[in-house]
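Common to both upcoming complexes is chain A, partnered first by chain B, then by chain C.
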Partner chain A sequence: MIANIKQVEDKDFNIKRSAEDERKLSYKDHVCIGCGICAKTCPVEAIELGNIAAIVRTDANISKININEEKCVLCGMCSVGCPVDALDLTIDNVSVSELEMYPKYTSSATIDDETCIYCKACEVACPREAITVSRDLPDRSKLVSGEIEIDDETCVYCGICEELCPAEAIYVTKDPENPEIVVDTDACVYCLVCKRACPMDAIMAACRSCSYGEYDIDPADAVTTGNTFIDDELCVRCGWCEGVCPVDAAKVQKPFEGELLVDEEKCSTCGACIDICPCDVLSFPESTGFGQTSAKIARDQEYCISCGACANICPVEAIEVKRTAINYTPTKSKSWTDKLESLKS
Partner chain B sequence: MELKVNQDNCLGCGVCVVACPVNVSISPEVEGGHGSKTEEVIMMVENGVIKLFSPEKCNKCGTCQVFCPTDAIWLE
Partner chain C sequence: MPKHIISGLKYLATIELKKRGYTQQKIAQTLEIDRSTVSHYLNGRNLSWKSIEVAQTITQLIPKDFLMLVDTLLNDNEATRTLVNICKTKTFKTQIKESCIGCGLCVDLCIMKAIKLDDLQAQIDSNWCCGCQICTERCPTKSIIILEVKDDREH
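And then the complex of A and B:
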């Protein structure tokens, strides 16, 4: 029989078998969320889940899962079942996620750059730091509706305007021999604080149009441009970006639907579930006031991907994650369908 | 991974004893800061230092390590 070869590199590893076709299973530890779906669905019980809570909470230098290469048959079940693609089986260098005969989750996350206003709300909210928003701001000087001029004859170089200027656009040199006042017109925002404060009334305002009318700003000059990037490897399709987006530019399709239940009686608020959750769904609730009691664990159910990592690691079995739907591409194979459907609870 | 203690580091504060979810489920009175009524728990403070009684019951959640102020209890 052809033996499997395992290559370990730090916390990642590959298991390879070269026969008629070359099968290679790769595991990336930094992508793994520790949900344990791979270990539960492996048909040959080759996958062992580590002490996930301890590994995540103590930064231990150990892989979250271990696969026994002598038991592994390189079937690809774990690769298909992994909701975040931490495991990937390739056959002759093609990932099974690209092969039609294998099912795959229809989960995705996209941000439409046409609609996006580059506010960065998603970048801040993303629990996996998977989103990068780069933006180019408009040229500020083009958005300013006027300019100021200083009458050198009247100015006494007191420096009041310089101290007040919020844009640091005025420089005053108080040299008695050779005093000077300079305005940086690129920095000036035409707020006219200087004009109002000048004790000598030496500052003149030159409005480009009319102070009360429409600014003479070309709308094209006022546009912020940019682009967004989602790191597919880190993204867990939790939906935070969609939830916080003010213009509905982010769209997320989750791999599973379901609900998360916490048994208040059993929970002892150790916080392991909060630390493991890849989607920032769980948190300790804020106090609502003296003498008020709230739930032991607060939940943003909307962003739960029903991966089950919290339920797996809860030391007192206080959490239950019920999966009610699995979203995947149709497959003709009954065994693949049965396996994926078995993830429902 | 295994639960380890270093009694030389221990201040005997008992935070691990009350924070451990398994301890609390075995002996609920420890949650309120009382001494355990049974030696069935994972750990207890005895003579001012932490002592393991039933480390095999540990679920490796790491809560004791997270709370211990002096690295006297950890998973390795």
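And then the complex of A and C:
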């Protein structure tokens, strides 16, 4: 008898059917954004969205979705429909996202390391903490150069230069028997503060980058190198990285196009939508001053992925997410095309 | 008794294959029996007529019962496929509707291995379909249609 086997591990689970091929549907709760698209795409109504508001706001140890393994036929529509790949169907250990006959959202997020200046703006802005920027700064000693010399005969070891030095590059030993002054030329930035402050004019220093311009600095020595990493599992292709990138190195293609509408009359400002939004699109607006009223919910439409999680969670049906386009690779199957097209509203 | 029924079915299969022009050796290979047994069957020896009668009755059952009975008797999927396909007395026309989602449940359920998936659509090889309707019963989108084709073949 052909039957599905379900394995549950904490909030994750997988459902498996082994016969001609092994089909396995895996669910990862920490990736799930609670949008409910899976439940809408399931052709056998096997998927149920949990009480998302309670789960999101209480950190309850409950999965956001549940799949009835007796109803599930492991067709993979939820896996293809999930905009964040929280659900993944594999056939003989190959994800359907890699199989050509299955449609796939053409969503992506990339950062071009050639263009990137490693400013970390994207890392800070990413609402899912999916971006890691690691960078190697240039060697500071190669960017400053100059000459510094202390005339031991003239120096009285007063320590004024040591106290003033902003780079903490001067060490003075005031031992009357054996006084000493040492300059750490790797730390010294040749700012000339010591020279100007020395009451004995014992310091001779020249900042070469001032006197000779930039000629003696190799531009290659001034480059910050590094690399960026986007955790595909957590990334929701919201576009924050692209939006904040000062050099257009980040490029994002969203799975859906659409708009988010809030009915100001109905909204009770409970904030559930703000809590669930995976893209930091929604927020309570800043006060604009006494007696001023603004919209109840502020929204950064640019970063919305039209997943519909906010509309689902809203207890008073004040939010409507209109999906106007679904971006996916074509499939020959009419039923799959119809299903993906049905996500439009 | 089960052994006798299987022998009866293999007798019917032998006769059928002979009609199709198989050599005795090919028949023996196909049915995994000795060549001497084939020879005995073809000469009408060494088998009780009652077994053949029971076997004939089984082939006339509704296809699902025929298939399940043979599968239970043989307990060997490949042998079941071969025997049922030779002894089935009806042919079927199959059709997959566009509503098929390519879940592959029918592929996994089909004892006759008559179904495969192509571009997220099931495809049924009607040469192998035995008309058991197990796939149509379990299809989540009711996308499979199997119709019996009138057939005058007799054993």
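We adopt the following convention: the second predicted complex is superposed on the first by the 335 of 345 C-alpha atoms of A that agree within 3 Å, B and C clash if a C-alpha of one lies under 4 Å from a C-alpha of the other, contacts with A are read in each partner's own complex, and residues count from 1 in each chain.
Everything that follows uses one rule, which is that a residue touches a chain if its C-beta (ideal position, glycine included) is under 8 Å from a C-beta of that chain, and two chains touch if they have at least 3 such contacts.
Not measured: the values here are computed from a predicted model.
Asks: Looking at A:Ser283, would you say it contacts chain B, chain C, both, or neither? Reply first, second, both or neither.
Replies: In the superposition, A:Ser283 contacts neither chain B nor chain C.
Asks: Would you check which partner chain A:Lys266 touches, where first means chain B only, second means chain C only, and both and neither mean what they say?
Replies: So A:Lys266 only meets chain B here.
Asks: If we overlay the two complexes on their shared chain A, which of chain B and chain C does A:Cys75 touch? Say first, second, both or neither.
Replies: second
Asks: After lining up the shared chain so the two structures overlap, which partner does A:Ser141 touch, if you call chain B first and chain C second: first, second, both or neither?
Replies: neither
Asks: After the superposition on A, what does A:Thr58 contact: first (chain B), second (chain C), both or neither?
Replies: Only chain B; A:Thr58 stays clear of chain C.
Asks: A:Ser108 in the overlay: touching chain B, chain C, both, or neither? Say first, second, both or neither.
Replies: Neither chain B nor chain C is touched by A:Ser108.
Asks: Given the touch rule stated above, what does A:Ile313 touch, chain B (first), chain C (second), both, or neither?
Replies: Only chain B is touched by A:Ile313; chain C is not.
Asks: Examine A:Val44 and indicate which partner it touches, taking first as chain B and second as chain C; both and neither are also allowed.
Replies: A:Val44: touches chain C, not chain B.
Asks: Would you mind listing the overlap between the chain B footprint and the chain C footprint on chain A?
Replies: Overlap of chain B and chain C footprints on chain A: empty.
Asks: Where on chain C does chain A make contact in their complex?
Replies: Per the stated touch rule, the residues are 98-105, 107-109, 113, 119-121, 140-141.
Asks: In the complex of these two chains, what residues of chain B are touching chain A?
Replies: Going by the criterion above, the answer is residues 1, 19-22, 24-25, 31, 59-63, 65-66, 74-75.
Asks: Over in the complex, which chain A residues touch chain B? Could you list them?
Replies: 50-51, 53-58, 60, 62, 266, 268, 270-272, 313-316
Asks: Once bound in the complex, which stretches of chain A touch chain C?
Replies: Residues in contact with chain C: 2, 17, 19-21, 23, 43-44, 73-77, 91, 101-102, 331-336, 339.
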